[in-house]
Amino acid sequence: MIAMDESNISFFKEGLRLDGRRADEPRPLKIEVGVLARADGSCYVEMGGNKVMAAVYGPREVHPRHLQEVTRAIVRYRYNMASFSVEERKRPGPDRRSNELSKVSREALEPVILTSYFPRSVIDVFVEVLQADAGTRTAGINAASVALADAGIPMRSMISSCAAGKVADTIVLDPMKEEDNFGQADMPIAMTPAGEITLLQMDGHLTIDEFHQAVELAMKGCRDIYEIQRKSLIEKYNHLEAEPVLAQEAEVL
Amino acid sequence: MTNVISEIKKDYLYNLLLKGQRTDGRALDQYRDCSVEKNLISKAEGSALVKLGASQVLVGVKMQPGEPFPDTPNKGVIITNAELVPLASPTFEPGPPNETGIELARLVDRGVRESKAIDLEALCITPGKQVWIIFIDVHILDDCGNILDASSIGAIAALLATKVPASKFDLGEDYPLPIKDIPIATTAIEFGDAIMFDPNSDEEAIANTKLIVITTNDGSICGMQKSGTGVLKEEQIYRIVDIACEKAKEIREKFLEE
Amino acid sequence: MDRMDRKVVIPGDLLSEEAKRSGEGTFVKDGKVYSLLYGLANYRDRINVIPLAGKYVPAPGDNIIGVVKDITFSNWIIDINSPYDGLLHISEFPTRINADEMSKYLNLGSSIMTRVKDVDSTMKVELTLNDRKLGLLKTGRIVEISHTRVPRLIGKGGSMISMLKKELNCNIFVGQNGRIWINGGAEDMDLALKTILLIEKEAHTNGLTDRIVDFLKKEKGARN
């Protein structure tokens, strides 16, 4: 493997990025709703090379009991990466990174969940990264939001998540792996369709001006993702409604 | 966090059994529909997604050079782990594998190791210094019964699809991992004196005991495990072993032989 | 399949600019009505959103089916297919029994037809068996469907469920918590189960009652 460093990579070739995208173009996004039988709600997302599975259990009884809150449901979010999801095999189990990601992801979703409807219970969100390709936390939040809806959890709105980055002094949408590793800044956000921001993280270097650009670009990315989330949920329902199985069964008889 | 099964449900399952029937209409020794999708995880050297009925298991194989164990300086290393992640079942809790998860991983490992499916000596790079380490990681996605058999099929399917990543480590060109056998685990449960294969969640919950038999290409047994608190009679064990060989052969032929 | 008065919605969808039309499964913000749930919005005087999925939350007066999961000093702890357990106090048992005899009458795994007596603000759920129509279920079968489909299974004024009881020749008790008890001949119960699961699957479609009647006619015809 040839080691890459910033000075060696040209992130743009004839105005296009390493994977052929324009600066403001996101990676392809695929969403499947209700893919797991045991979970109360579930969603599988492919965002670029990311493959992420989210499941929601709840509201359900809290174990251990002492964690429960008398007036509302608690929300738990567990982000976890499969050992084979990354280039160098990862030791199973949580680490400091997954701990932090779990916390900010939970804080991205909790503001819209009506926890007061279910005192003394827990809403568990589990996100498993099956394949990682930069932006796993945003893919996870997108999947989790759909899984929560699929589970029938009451929410004021959906949450959509997307990252902006800076490479070769250009603000780009939805950084891929090389851009994330060797670029100049990475800024994931999550928001409601109305533009209320529930996740904001940043590392790298941005001027105030660049920051404004990045936020605007990421917010547009989130709005586009919201449309895809919405479409996937509506389509699942219409698929259920489309052809009553009953008519076919009667024919067989 | 185990759920109490109602007496009415137990009675219903038992009465069906007396007529040789199961809730999903299968015969007592019949496996649910199974599908195997290979190499869906490009970061892994080999991978397989197995769907057995509604159960779903994803197995990834990763390889990297490393140090051999001191007592086997010329042999590669196999490390098998299973993650029963809480996403897959309301009864799985976060944390390191418990005794069920550990048993599952060790049984998958037993099948691969004892069948000599992988020639460990061929995995030697520099004797005493460098060998290939193979990680077999089982990731349960949806537990609707019998995740062990699904994991066992997934493990060997992933290994069959594995390419040794020699080029990544300047050790030559990539090549397919040579696999010399196809071990398959089959699980039977005992309930009300009847034997059933490939239990679904309800059947697992009421079973007194399980007998897992791992067989190889030529129908020999390379691993066994009685699991659970019930008892088995000698003739039940022999009957299970006979059917196990047959079932493993069917599975091998349908999904794993190219 | 496009109807003006029913639409699939997701959380946060705008339903109306008139706050007074806010019904079940909706919330009001800045005078407008929005959906809280992923489900079917029903546009009547009020707009209600019927969810596709979700957990059963007990309410006083609900008739439900529970399974005994634990026995404490003076309560049976009942699994009622909800995030909340039901508590059946020994005094709510129809006959007077001693605390040390509790497991003799209702043991772990016993299924009961019970009613929700009271639910307090901390979601402590009290159950009762003090009614001739309630009690231990010893025979028959119990099937579980999503509690969101129960209203459809019962039908307007009980129309669907009465039709089913008659056509299936079975005793049927529908629990608000999605658990349904059926009792009858083996073949009749098999058909009842099949029918109930079909109704669950198509609860949101139109003309369901008529289709079920036809379905039952054909199934019973094929049997004879």
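Going by the order they are written in, the chains are A, B and C; count residues from 1 in each one.
What we mean here is this: a residue touches a chain if its C-beta (ideal position, glycine included) is under 8 Å from a C-beta of that chain, and two chains touch if they have at least 3 such contacts.
The shown structure was predicted, so the numbers you read here are calculated from the model rather than taken from an experiment.
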Counting only C-alpha atoms to place each centre, which chain is farthest from chain B?
C
Of the pairs B-C and A-C, which shows more C-beta pairs in contact?
A-C
Taking each chain's mean CA coordinate, chain A and chain C are separated, in whole Å, by 34
Roughly how far is chain B from chain C, centre to centre by C-alpha average, rounded to an integer in Å?
39
If I count partner chains per residue in chain A, which residues reach a count of at least 2?
60
The positions of chain B in contact with two or more other chains are none
Using the touch definition up top, name the residues of chain A that touch chain C in the complex.
40-41, 58-61, 70, 112, 114, 117-121, 149-158, 192-193, 229-230, 233-234, 237-238, 240-242, 244-247, 249-250, 253
Across the complex, what residues on chain B touch chain A?
1, 40-44, 47, 54, 56, 58, 60-62, 64, 81, 83, 85-90, 94, 96, 135, 137, 139, 141-144, 168
Sort out for me which residues of chain C touch chain B in the complex.
67-69, 79, 108-111, 137-142
Touching chain C in the complex: which residues of chain B?
3-10, 12
Chain A-facing residues of chain C, complex:
1, 8, 10-12, 25, 27, 29, 34, 36-40, 51-55, 57, 83-85, 121-123, 148, 198, 201-202, 204-205, 211-212, 214-215, 218-219, 221-222
